[in-house]
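Each of the two complexes below includes subunit A, the first together with subunit B, the second together with subunit C.
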Partner chain A sequence: MNTKLKVSEISKIYPGCIANDKVSLEFGSGKIYALLGENGAGKSTLVKILSGVVKPDSGEVFLNNESIKLNSPLDAKKNNIGMVFQHFNLFETLSVFENLSMDSDKTNEDLRVLVNDILKKYNFKINLDVPVLNLSAGQKQKVEIIRCLIRNPKILIMDEPTSVLTEQETDDLFISLKQFSKDGILIIYITHKLKEVLSLCDEVAVMRKGKVVSVSNTTDEKIESLANKMVGENLNTIKKKINNFKNSEEILKVSNLNFKSDDPYETNLNDLNLSLKKGECLGIAGISGNGQNELFQILSGEIITEGTSIMFRNKEIGKLNPRERREYLMAFSPEDRIAQAAVPELKIYENVALNNFKSSNFFEKGLVNEKKIKEHSKKILSNFSVNTDNVELKSQFLSGGNLQKLIIGRELITSPELLVCFNPTWGLDVGAINYIHETLIQINEQGKSSILISTDNDELLKLSDRICVIYKGKLSKIMNADNVTAEKLGILMGGGSID
Partner chain B sequence: MSFDLNFIGVLIGAIMASSVPLILAASGELITERSGVLNLGVEGMMIIGAISGFALMVVTDNLFFAVIGSMLSGLVISLIFGLLTQSLLTNHVATGLALTIFGIGMSAMIGKNFVGIPGKEFPLLFVNFKESIPFLGPIFFGHSIILYFAFGLPFLTNYFLKKTKTGLIIRAVGDSPTSASNQGINVTLVRYSCILYGGAMCGLAGAYLSLIYTPQWIENMTGGRGWIALALVVFATWSPIKVLIGALIFGGITILQLHMQAIGLRIPVQLLSALPYIMTIIVLVVISRDSRKIKLNTPTSLGQIFYKEK
Partner chain C sequence: MIKIEKRNDVSQSIYFLTPILAIFLTLFGGGIIFYILGFNPIEALKFFFITPISDLYGLSELLVKATPLCLIAIGLSFCFKSNNWNIGAEGQLVFGGIVGGGVALLFYNHDGFYVLPIIILSGAIGGMLFAMIPAILKTYFNTNEILVSLMLVYVAKLLLDYLVVGPWSNPEGFNFPETRQFSESARMPILFDGLRIHTGIFITLITVFLSWLILYKTYLGFQIKVSGLSLKTAKYAGYKGKTMIIIVFMISGACAGLAGVGEITGPIGQLHRNISPDYGFTAIIVAFLGRLNPVGIIFASLIVALTYLGAETAQIFLQVPKYTGQVFQGMILFFLLGSDYLLFFKIKFLGLKKNEL
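Right after this comes the complex of A and B.
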């Protein structure tokens, strides 16, 4: 079975942004194709067009030399195009089997037989009768893949599939994908991770600002060459910081911390212990959903615990709320910039004012001291190179990178002793990531401490002095970053043990 | 007052009759909410159903047309809600409240000419058995066909949602309309259908009031039953069987406290009148306190406006 897919002169324009600019590409079965690009390069738009979710403004798609119309996801299904989205398209409250049976014409009995065959063939282990919300991210992705496979796809598109997986799960996924490719399925693999392109794919197309800038065989490429094509400029590398915290005093101590939740979406925390010195960065790795959210909320005071379980500068702070903790010079940068850290409908200076102290004098006798807040906000914008000087701008109009700079700036301008951040570079482009990383290194060099909860292993290895892994609400032992490799992290993140 | 068995049977029969409008309206709204649409217009749709049913009965002198007409009128008024929330993407809560206000006003206007007109006798089934079998007779027999339908409806709804493909699709849309849309499900169509079904059931609930329960037209005769139905759906955590239980408790305590008032117990009347509301909530909260089940039953997208990507 030979499948040829060709997209020709595809354009899609959103208000204020050309997502796809005359994109033309050709694919053939038997190979795995990478579609590489930064966030906002137009990969996802192209993929949404191929799966019928979004209609292009112009251009055509050819399957085996015949022009096909993709007006709805149903059209994509009819043409045997399967798609695994970056953000899962699963129904969390329905069982795995109900999710699969949704768009199958088969009877439940036949479908069960077919699904069990697929599970056996590709060595997937999933309980079909539990609600999807009980599954790990890796298992959810398998459910998505099975949903494609039961329709005998000719083409399988994977949109950034490894962003939620451990190293081991990623290896398993690659084995499966290679097997699918051998079975004659054309695979298009969307990613911004360069290593994956080289280890998995045969051909790579690089996109930048809506355009295809290069198509080549992966054997002709190296990580550096792909990176430069993707970003379009030569990246400066960050210099590693000087460690000078070894003999400094302990600033934070968490001991025997437990958290039990009745909410099935939340993770219980079991007997966490950690400590942090001045000028040190402690990295906490793990696959999302293993208790990071709960841990962050406990550290920030969104969840209150026993007073004694958290000591900060020799004070019991477990019972204090976020604002009281800030008075003690703690600072927090939550994962969700829009929902937790900032209010998108409010102006920049109003968002700055939300993070107020007794000492900041933003409010006088219950009235807002607008002038003072605006001056303060301007200082943040310039000190942290946010790409605007208009403090009246609504925060929702800032890009992710600029919003993150504003949030980190808002926290750091008060010179806190400890910054707790959770996935601070999530979804940002390379330039903004570099800036945030430099800032985090800087605060350590100034003798301030940081806790970095992140799902990005490269980032953790780059910034942390010591690293531990959180798995199912438990912390691994804390290791010196020098002795830690991505492989070790991967094993711990998947629940394994080392040495 | 003698507490013979037959009297208890009659009492239970009366309780069942009083819970019918709640069961019908709540079962309809449950389907609507399961698809992720929060329609607060239940009271308005019920009262429109009540007046149209009664008016059609007077005009056509045909109870069949009256019942069908009440359902159609509920459906039409819910179509307005559908157009606004699904096609024009207005806020569910505000639109639903407006619908209730509109329904109450509209029914009062239409109803002006129908005040004081006596209703028609609605045919009751198995009346012989009701009188010949003591205790069980008045419970199971001598009711209108709508009552039997109402008591079967929660079980049908439960089966429909859990076992049929259409039910599965409705639950999927309520869980995540975006995912459903990406799977090729026509979210707007599913939600429209559920809204219209809910409207028809509310219309029927209204007709039960004006044609059978108290066969006449009185302004504002639904008396807040629509709101109770809405609350039942939520407190029953979107489970049809629990809706039935809740409706029976509410109906039961309403009737019982009336009897208690009649006996002249030394309990303040206000407290007795409040009893059905308090007890229903307490019982439903207690039987649905499994937070895991609540998560699994709650339509995650409830009240959210769905935009389709273009």
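Right after this comes the complex of A and C.
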């Protein structure tokens, strides 16, 4: 049976931004369609409209030439549209089977037969009776997919499904998706990863600023051509010159670092060792949740350890808090820029005052020196091309990119010897990402060191001099970046070993 | 279908105007209650809110009641601004009263300019130490400060009860549950003959000014503000979270202790069972009605003090119980929280479409 899905002239306007601007697209079963675009291009809005989460301001959706109304996720289910979101909607403490049965009106016996059929057909290996929290990200995603398959979907929408997967899990997923497609399910695959589009999909629609800018067969496209369409400008790709730091001064040494948490949702760190030379960028790769958060907090001083386990320029700093570490010219840019690195309700200059160290004179004799802080803030805004010059503006009104520039600017304007940053570019648009990357390369050129903890492998390969992988709280051996490929990283990130 | 959405930006002026709206709504609600009880609402509200302050004595009484309320509320604002929920100001007030009163009793046959300052200081220290109990338990044992501070209120009250009935009761007092009268030099000087308004008001005003200075002009104030908005950020900035919890509790407790000692050396002049008509609890309303802002708290304390006075007049002229005062305090808080909700969230009514039914 053929399924045809057509969206016609869909528009959705949010205050201050047109998320979808007269989007028209046609899909037919038997093919895998890619919906490609940067963050904020309007992909997610379109997907939310198709799954009934958001209602369009105008436009219609046709299923097999009949206009359908999608007022709620239930309507989407009724029309056999299945959706797997980027973030899993599973009850961690319930078993796989309980999660599946919750969403189904079949009897448990019938459901078990059905699920076992699906497992056999697609060669999924999942134990139905273990709690979901024991599953890997890839397995959890399979549970989500099975949940859709139970309903015999005609259409399956996958929203950035590989962001939490290892390379191997991604390969498995692609095999399954191709099989679904062969079985007549129409697949719409949302992503911003170009390689995936080319290896998996048959047709690709590129969105930019709420509009569909191109629809084409993937056989006619190359990575460069898609990237240009997606970004809308020819990117001058920056690549760092890799240096040899054998004879440089050692600036940071972490030895035998252990961390044991009382919180079961945190990751314990096991015997970490690393060292960093002056002017060097050390990249730490890994799938999120493998101890990056804990490692960042230990480096920044939010978690305190034994004094000798972290030596910075031959001084024990393991016991110092973040403010004290700043006095030694360390700087930190945390992952959560909205709720941790800055406070949205505070004005820009107040957020700047968070990075306080003695020589800044922000607070003289315990009093606030507002004039000094504001002057300093103005300097940051102009030096780091933040899109405003009003230091009284509350930082909640800055876009993600501008906020990150402000934070990086705040950390760098003091010319620290070491910058530790954690996913500095997540959720930013390509322009802002390029700016941040250039800045990070610049500080290395000025002889300052950096540690880049990131889940974005392209970023790591682009910026690092040496790279290692964190997996379940343990570091892999540290490799020179020129010997590292995305494949090697993928193996290590999934817990495998190389050589 | 009703949908509730967070508002993106809330205008600063409306933020400070909603408490006034809440007060008007309270008057309106109070009018309805009086109407149901069979009174002419306008007349009754006049008895409640105008009559008590229509003469000098009334105005002086207003300030006498507002003095401790304002003082406690300003202390609480340090805690509340930094996300520490000190609910036990009443206990800190009573304990400050006990310590200050104990010192006053030591000096009962002494005269001298030094007596009163020593009593005031010991009262403040008493409140401060008492407030440190929930603070230390919170920082080192992760207890919930709401529960601990609240339960300590009853500890302090029962201790006061025991003292005034037992060891500290007046030897010439015919077994009344009260202590001796304090000596003249242990009393707050009266400002005007015939009125009860006393020098404690200056302590309150100085405290308000100092608090404004600390909260808005110092590093400590900045740290309190950041911790209140985001503990994660405070940790990232390297603020000493534990020390700060203890400091804000100390400030808050000292203010409540000062209020307690101000009461016993001011209008009361001795220790007895009821040295506070729940000022410590009512001050929580004052703090929020004043938006945790020093100037706002001054106005809020005057308004809430008026409900105490109004309740007394209403009891005399309308024969309604004096607990009406608490009804009004409750209504103020209710309407304030209600209008705050509407201030930060908007409610959208979406019509039901036929095909959804």
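Rule of thumb we're sticking to: the second predicted complex is superposed on the first by the 474 of 499 C-alpha atoms of A that agree within 3 Å, B and C clash if a C-alpha of one lies under 4 Å from a C-alpha of the other, contacts with A are read in each partner's own complex, and residues count from 1 in each chain.
Following the convention adopted for this analysis, contacts are C-beta pairs under 8 Å (C-beta built on N, C-alpha and C of every residue); 3 or more make two chains touch, one makes a residue touch a chain.
Computed from a prediction, not measured in an experiment: that's the story for all the values here.
Student: One more residue to check, A:I304. First (subunit B), second (subunit C), both or neither?
Tutor: A:I304 sits against neither subunit B nor subunit C.
Student: Contact-wise, after the overlay, does A:T93 reach subunit B, subunit C, both or neither (first, second, both, neither)?
Tutor: first
Student: One more residue to check, A:I175. First (subunit B), second (subunit C), both or neither?
Tutor: Neither partner.
Student: Which partner does A:V54 contact after superposing on A: first (subunit B), second (subunit C), both, neither?
Tutor: first
Student: First (subunit B), second (subunit C), both or neither: which does A:I223 touch?
Tutor: After superposition on chain A, A:I223 lies in contact with neither partner.
Student: For A:V113, select first, second, both or neither according to whether it touches subunit B, subunit C, the two together, or no partner.
Tutor: Once the two structures are laid over each other on A, A:V113 reaches no partner at all.
Student: Quick one: classify A:K69 as touching subunit B (first), subunit C (second), both or neither.
Tutor: Touch partner of A:K69: subunit C, not subunit B.
Student: Kindly list the residues of subunit A that each of subunit B and subunit C touches, one partner per complex.
Tutor: Correct list for subunit A: none, the interfaces share no residue.
Student: Hey, which residues of subunit C end up touching subunit A in the complex?
Tutor: 8-9, 216-222, 225-226, 229-230, 232-233, 235-240, 353, 355-356
Student: With touch defined as at the start, can you tell me which subunit A residues reach subunit B in the complex?
Tutor: 48, 51-55, 72-74, 77, 85, 88-94, 98, 101-103, 131, 133, 262-265
Student: Taking the touch rule as given, give the residues of subunit B at its contact with subunit A in the complex, in rising order.
Tutor: The contact residues of subunit B facing subunit A are 165, 168-169, 171-172, 175-176, 178-185, 291-292, 295-298, 300, 309-310.
Student: Spell out the part of subunit A that touches subunit C in their complex, as residue ranges.
Tutor: Touch residues, subunit A against subunit C: 69, 71, 300-302, 321-326, 332, 334, 336, 339-343, 345-346, 350, 353-356, 363, 366-368, 396.
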